[in-house]
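Sending over a structure as C-alpha cells; questions will come in a sec.
Chain naming follows the written order as A, B and C, and within any one chain the residues start at number 1.
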Amino acid sequence: MRAPFIALLLAPLGLLAQQAAKNSCLNCHSALDGEAQRPALLIKNDVHTTNGLGCADCHGGDPASDDPGVAMNPAKGFIGKPARTAIPKLCARCHSDPNFMRKFRPQQRVDQFELYQTSVHGKRLAEGDENVATCIDCHSVHEIRAVKDPAAPVYPLHLPETCARCHADSKKMAKYGIPTNQFAEYQTSVHWNALKVRGDLSAPTCASCHGNHGAKPPQVESVAAVCGSCHVLFAQLYQKSVHEPIFSAASGGGGCIVCHSNHGIHQPSTAMLEGPKAVCSQCHDAGTPGAKTAVEMAGWLDGLDSALKHSESVLAEADKAGMEVSEAQAKLSDGRDDLVKARLALHAFQPVDMKKPIDAGMAVASETLHAGQAALHEKDVRRMGLAISVVFIGITIFAIWALIRRLEPKGGLPRDASTTPR
Amino acid sequence: MTATEARAKAASWLEERLDLSAVREAIGHKTVPVHSATRWYYFGGMTLFLFAIQIITGILLMLYYRPTVSEAFESVQFIMTRVQFGWLIRSIHSWSANLLIFIAFVHMFSVVFTHAYRKPRELTWLTGIALLGLMLFFGFSGYLLPWNKISYFATKVGTDVAANAPLVGPAIARFLRGGDDVGGATLTRFFAFHVMILPLTALLLVGLHILLVQQHGMSTPPWIGPSGVRQMRFFPNFFLRELMVWYCALAALGALAAIFPWELGDKADPFASAPAGIRPEWYFLAQFYTLKLIPSHVWIFEGEILGILGFGLLALGWALLPFWGTDQVGAARTRLVAGAGVVMVSYLAAFTVLGYVK
Amino acid sequence: MEKDGQQGCQQCGKSAEGLSGAAPSNDPEQSRRSLLSWLLGGGVAASLASFFYPVIHFLNPPHISEAAVDEVSGGKVEDLKPNSGKIVRFGNKPALLVRVSDTEWKALSAVCTHLNCTVQYQPSTRLIWCACHNGMYDLTGRVVSGPPPKPLDEYAVKVRGDEVVISRRA
C-alpha cells in the first residue's frame, strides 16, 4: 500500500539522474537518417565513449538540452563539423595534454601532434593542403578504436590497407608525383606474408619503417639503421663492408634497399647472387673479381643447402623404415644454423668470412649423412638376419612335414591308432 | 659309453627318483579327433605358445625397463636404440601381444562354433573366459608402460570409461589409476599388474585350463557321429603338426618385428592436450565405438553408464554360455549358440572396423 | 622319434617301437631317413641358434649403460665463468646454460619463440638475445623487447659437487 507513495517521492530523483547523463545529441541524431544518423550509430564502438566522453567533448554545445538551438549554440562552444585543417589541433587539445591523458591512461604518449607536425602530412596541412591525411583518416572518426583492437584501421594487420587508401590511389597521388605501387609491392613481400599468413604481429608494416605520426621515408643514411633495428647483425656487417660508402652515395635510396628493395622485399636466395635475376651483376660485370666472388659464394651456399637436404632425405628414409634416428635429426638443425650463419656472413662481402660456417655446416651434413646411411645399412642387416632365420625355419618346417609324411603312409593314419573318443 | 648308453643311464637315474611314467602314458595315449574342424584345435596351443613368447620377451625387457615417469620412455628408447637386438625383443613383444589377443578370440569362437563348451567342459570354458579377460587387462596395463603420448591418453580414456561404471565405477578407476589422475602412481601400479599379479593369476588359470583339457580330452563337434571318427595320436603326429604351426608363427613374428618395428612415439606430456583422433588399441575399439554411439542420455539414465552396464551383462551372459547353450539333457543348442556366435563375431568385427575409420 | 630305451606302454602293451610309429628299416628308406633326421636336427638346431643369438646379445649390457633421463650434464663448474653462457643439448633441442654469478646458475630453452633460432647470452646487457630478429629476453625467460611472442621455458639447475646438472622443472 505504501509502494506507490514511495515511488512518487523518488520520481524527481530519477528525473534528476536522467538529466545528469543526458546526451541530447545522441537522442536526436539517432532518430535522423543518412549521414546525419551515422555518427550516432557508430559512436557506441568508440574508445572515447568507453572512457565516459561524449559528442560535446569534441564538438562543443550543450548535450543537456533537447532544444537544437541551445544544444548546437556556438555560444555554448558548438563548433559543428570542424574544417579538415583544424582537426589535428582539435584532437591535440586533449591528446597533447599530459595532465588530461594521465586521468585515463598514465602511460599514453602525448607527442603525436608534435610528431605529426614534422611529417609530410603535417607540413602540407599547415600550408592549407586538405588532401593529406589527418587524424581521422587513419583512426576513423566516431568509431575510433585502440590500436591493439583487432578491428582498428591502424591494427598491424589493417595498417597497410589504411595507408594504401590514399597512397595506392593514382588520382590522389598524381599532384604530388609519388608512385602508387608501394602497397602492391609490399603485398609480395616476406613481411606481408609473415603478417597475413603466419599472423606474426611483430612483422613490419608501413609505420614500422616510416613512422606513424611523424611519417616520412627514411633517408639514405638511415635505411640500414631502420632495417637493422630487427636485422641487427646484417646491418652491422653491412656498415663495415665495402658496399656501405658506395650505396650511400647512390640516389633513390641506399643501404639494404639497393639489393633487397624497399617495399617488395622477397625471400632472399642464391638467385640474387648468380643467374639472370642476380643483383650483383647489375654492378659487377662478368669476369671481374666481384662477380667471381658472388658466384663462389652462391656455390658454397647452394652446396651446403643441398648437402643438408640430402642428409635430411636419407634420415627421413631411415626413419620411415622404422630405424631410430632422432639424435641425428636433432644434430641436423645445427647444420641449418650454420647455413643461416653463412647467409649472414655474406653481408660482409668477403668470402673468407663465409668459409667458417660453410665448413662447419658441411661437417654436420657429412656426419648426419653417415648416421643415416649407417641406419639404412643396419636395416638391411636386420632384413638379412630375418631372411636367414626364415630359411632355417623353412627347412625345419619342411623336415617336420616330411617326417609326418613318413610316419603316416598314404591313405591315412596308422591303422592301429583308432580309439573311441571320450 | 656311447651317447645312447649315456642317455639311457641318465633316464634311468631320473626314473628311479622321479616317476614320470603316468605322464608318459598320458601323452602316449592322448589322441586328437580327425574331422573337418580339426584345424581349430591348433588355436589353443597357439594361444599358449604366444603367451610363452610374451613371458620370455617380457622377462628380457624387464632387464632394462624402468617403471618411473622420468625414465620409462627413455628406457624403452634405450632398448630400441642401444641394447643389442633390443628393437627385436621389444617389437616381438608388442606384435605378439596383439597376435595373442586375436588368436585367443579365434580360439574362443572356435569353441563356440564347435560347441566344445558342453558338459563336462563348462569349467574349461569359464577358466578360458577368465583368461581372455586377463589377456585384455595384460594388454591394457602393458600399453601404458612405454609412457608415450598415445599410451598416456589411451589409458586416460580407458580409466575414464571405467569410472562411469554404476556405483563402483569411481572406486575402480581410483584403484586402477592409483589416484585421481593418470600419473606416476598409475605407471607403478600397472607395472605391478603387468609383471606379477596378472602373470601369477594367468599361470594358475592356464594350468587349470590345460589340466582340464588333458583330463577331458579333445571335444568332438556334435554334428560328427559319436562313433567312427578317426583319431590321430597326439604324440608324435599332432604334436609335429603343431610344431610346424608354431614355427610359422615364429617366422611371422620375426618378419613383423624386422619389417614393421614397433614405434617409440613421443614422451607423454600430461599438460599437453590430447592428440586428435585418440583411441584405444584395436581390441577395445568395438566397445569404444559403441559407447560413442550411445546418446548421452537414454530416458533418465546417462548413456555411458548404460553402455558399461550393457557390456557387463553381455560379458556375464557370454561367460554363462555353457548353461544356456545346452538343454536339460546336456546336448548343445547348436542353432541358438551358432546364431549368438555369428552375431557376436559380426558385432565385434564391424564395430572394430568402424572404430578405426571413424 | 628316436628310440630312447623305454619299456613300452604298461597299459595297452604297445612296444616302444610301436609307440613311436617307426616303419621297418630297409636300405634306401634308411638313407632317406637319415637325411631327414639330419635335415630336421639341423633345421631345429639352426633355427634355435637364430633365436638364441639375439637373446644372448640382448643380455649383454651395452657400453653406455645409462639411459638418457630427464636431465643432462651441463659440464664442470669451472668450465663456465660468471656472466657467461653456453649451449647444451637437452633431449632433441638446445638449452642455454648461464652462469649469472659465482653461485647463481640459470638454464632455459634456447629455442627462440619467434622463428626457432638459437638464442645466446649477452654478457654486456646480462640479457638473452636472439640474433635473427633482435629479440631480447631476461634471465627468467620473459620477453623484454622484439618480436618473440612467448617467453622461454625455464629449466632447473643443480650443482652436484663439481658438476652442473640441468633437468626439467617438476
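The definition used in the following text is that a residue touches a chain if its C-beta (ideal position, glycine included) is under 8 Å from a C-beta of that chain, and two chains touch if they have at least 3 such contacts.
The structure displayed is predicted, hence computed values, not measured ones.
Taken as a contact graph, with one node per protein chain and an edge wherever two chains touch, the assembly is complete, since every chain touches every other chain.
When chain centres are taken as C-alpha averages, the shortest distance to the whole-protein C-alpha average belongs to C. Set against the C-alpha centre of chain B, every other chain centre is closer than that of A. Centre-to-centre spacing of chain A and chain C amounts to 40 Å, using the average Cα coordinate of each chain.
Chain geometry summary: the mean Cα position of chain A and that of chain B are 56 Å apart. Remark: chain B and chain C have CA centroids separated by 29 Å (rounded to whole angstrom). With touch defined as above, residues shared between interfaces to two or more other chains in chain B number as follows: 29, 77, 88, 233, 236-237, 247, 250.
Those residues of chain C in touch with two or more other chains are numbered 1, 21, 47, 51.
Among the residues of chain A, those in touch with two or more other chains are 385, 389, 393, 396-397, 400, 403, 407, 414.
Listing the residues of chain A that touch chain C in their complex gives 200-203, 229-233, 326-327, 329-330, 337, 340, 344, 385, 388-389, 392-393, 395-400, 402-403, 406-407, 409, 414, 416. Of all residues in chain B, those touching chain A in their complex are 29, 31, 33-34, 77, 80-81, 87-88, 216-218, 220, 226-227, 229-233, 236-237, 240-241, 243-244, 247-248, 250-251, 254-255, 258-261, 263-264. Residues 4, 7-8, 11, 21, 24-25, 28-29, 60, 63-64, 66, 70-71, 74-75, 77-78, 82-86, 88-89, 233, 236-237, 247, 250 of chain B are the ones touching chain C in the complex. Interface of chain A with chain B (complex): residues 322-324, 382-383, 385-386, 389-390, 393-394, 396-397, 400-401, 403-404, 407-408, 412-414, 417-422. By the touch criterion stated above, chain C contacts chain B in their complex at residues 1, 4-6, 9-12, 14, 19-21, 47, 51, 54-55, 57-62, 64, 67-70.
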